[in-house]
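Next, two complexes with chain A in common: one pairs it with chain B, the other with chain C.
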Partner chain A sequence: MTLLMTASEINGLPVVTVHGGEDVAEVRDVLYDPAAGRLVGLTLNKRGFLAGRCREVLPAESIHAIGRDAVMVVDDSAMVEPDAAPQEMAHPPANRNVLGNDVLTESGVSLGTVRDLVVVVGGAGEVVGYRIDKADGRPGYIPLPAQLAVSGSALVVPEVTESFVTDDLVGLGAAVDSFRARLGLP
Partner chain B sequence: MSVVAWLIVAVVVIVVALVAFVVIRRRSRRGGVIATPSRKGTPGATGRTTGDPKP
Partner chain C sequence: MSESFRQAAGRKVVSRATAQQLGTVSHLLVTADGRRVAAVVMGKGKKASLVDWSQLTGFGTDAVMVGDEAALRQPADAREHAAAEGKLELIGRRLLSESGNELGTVDDVTFDPASGALEALHGGAHQVAADAVLGAGSYAVVVAASAGAV
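For the complex of A and B:
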């Protein structure tokens, strides 16, 4: 079953083992590859009200499932030391948090600010779009792949993206398909 | 000041410090959404970084 979730819904979810049902960690950061449009993995917090950051990370390949109420892993060996993790998530760059970034078109028009990332869970963790706060304050969604560049402060998107901003998640599904067709992507 | 007054001040200071500790600790647990650099070594769908000239 596939399910659309936002990254903020994944943040804070418990990480639970399928074998044993142990609650081993809690999701801290969602890491994604904007070029590939997929989840790379998750960084973790230790369990407990005041517990700190977990050293181990959870690569996307080791995730059994992401559900509405928990992230499932087969067992706690799914969490790996940073040195054993894929290179891009071993030391996640703290200055590349996209939440709060301005979304700018190539011509310099601001479409709003990034509020969230929309992910299809239940499969390979495909990232399909961003939830933004539009300039007028209302929420909107833009399809991905849309950005030309990501920095610590802005996403730069093609001019055409402006016409694919939708008001809800239902509209985003259709917008992703037509947007990709327009860009000639599979 | 009486002993009782000093005790009240001490309790207030301890409570404020505890609340500040909990708030800071909880905030430090808050995560984000991080765009990783692509495996090709350049971020973004077309491999351009912000500020790069158009091809």
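For the complex of A and C:
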């Protein structure tokens, strides 16, 4: 079964080592590459009451699994200094943040604004959809193709997206597969 | 015959040389990979002492036997200090799958008193074979994704 979570649900999860059972950090923020439709990595906070920002970052390639209750890494070495992380993580492009962006279809209809990312958990975390605030103010979920055009203030999705807007995460799970099938994607 | 961590807690630790009771079992410390008993922990905090599994002459149903008092030692590394504080005790620890989902908490652990090898972890509806354990620490016992539901 595919488990979907929003990025805001991932924020705050403990980062736990598989071969140690220790909580070594917690998720501060999810870094996302909107053009590629994938997680780049996670920024981290230290654990504990006086937790501050943790200097090290966790590149997506080093994530063992993202689950409901924890982000798993094999061991401490998964967390690296920003300089040692992939380029896109050390120096994120300015147009990274899609929250608040307008979602436009190819014909120019606005579906709403981006509120949150929807991530497939279990693996390294593929981003498969957005939670949006629809024009009427109600929340909705849209599936994403693997790639799309982003500018920093708006993103353009295929026309057909409009008919795949769902009201909840469960509906989105089913919508992603049929949506991608319609677009001829794997 | 298998033993359980719950049954072992509170058992006398006796010197084989003098027949004196040296203390009682507070809990059992497992290796970081969570497969074996590493040591018997007696007492807690500053008064805690450890006996390595290899120093035991017998893990009996009524007493844990050690050669003599010299087998007792102070916590040596960070892991053993954490154990002395009770932070690594398996019972009550979170049971976490390697895919990052909580399965429950550990209620009890069975092990072979002859070898110190863990046999299984019991937690709520789950029973996890020891060879599915990937790691055990202060936050959680991590088990292979195939071991439990999800």
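Just so it is clear, the second predicted complex is superposed on the first by the 167 of 186 C-alpha atoms of A that agree within 3 Å, B and C clash if a C-alpha of one lies under 4 Å from a C-alpha of the other, contacts with A are read in each partner's own complex, and residues count from 1 in each chain.
Here is the rule we go by: a contact is a pair of C-beta atoms (placed from the backbone, for glycine too) under 8 Å apart; a residue touches a chain by one contact, two chains touch by 3 or more.
Given the structure is predicted, the values throughout are model-derived calculations rather than measurements.
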Which superposed partner A:Ile66 touches (first chain B, second chain C, both, neither): second
Chain B versus chain C as contact partner of A:Pro139, first or second or both or neither: neither
Contacts of A:Arg28 with chain B and chain C, given as first, second, both or neither: first
Touching partner for A:Gly171 - first (chain B), second (chain C), both, neither: neither
Chain B versus chain C as contact partner of A:Ala7, first or second or both or neither: first
First, second, both or neither for A:Pro82, with chain B first and chain C second: neither
In the superposition, chain B vs chain C on chain A residues touched: B
Interface residues of chain A shared between complexes with chain B and chain C: none
List of chain A residues in touch with chain C within their complex: 13-14, 16-23, 64-72, 121-122
Residues of chain B touching chain A in the complex: 22, 25-26, 28-40, 43-52, 54
Chain B partner contacts - residues on chain A that touch it in the complex: 7-8, 11-12, 26-36, 40, 43, 45, 49-53, 87-89, 92-94, 96-99, 106, 114, 116-117, 145-151, 153-154, 156
Interfacial residue positions of chain C with respect to chain A in the complex: 32-34, 93, 96-102, 134-142, 145
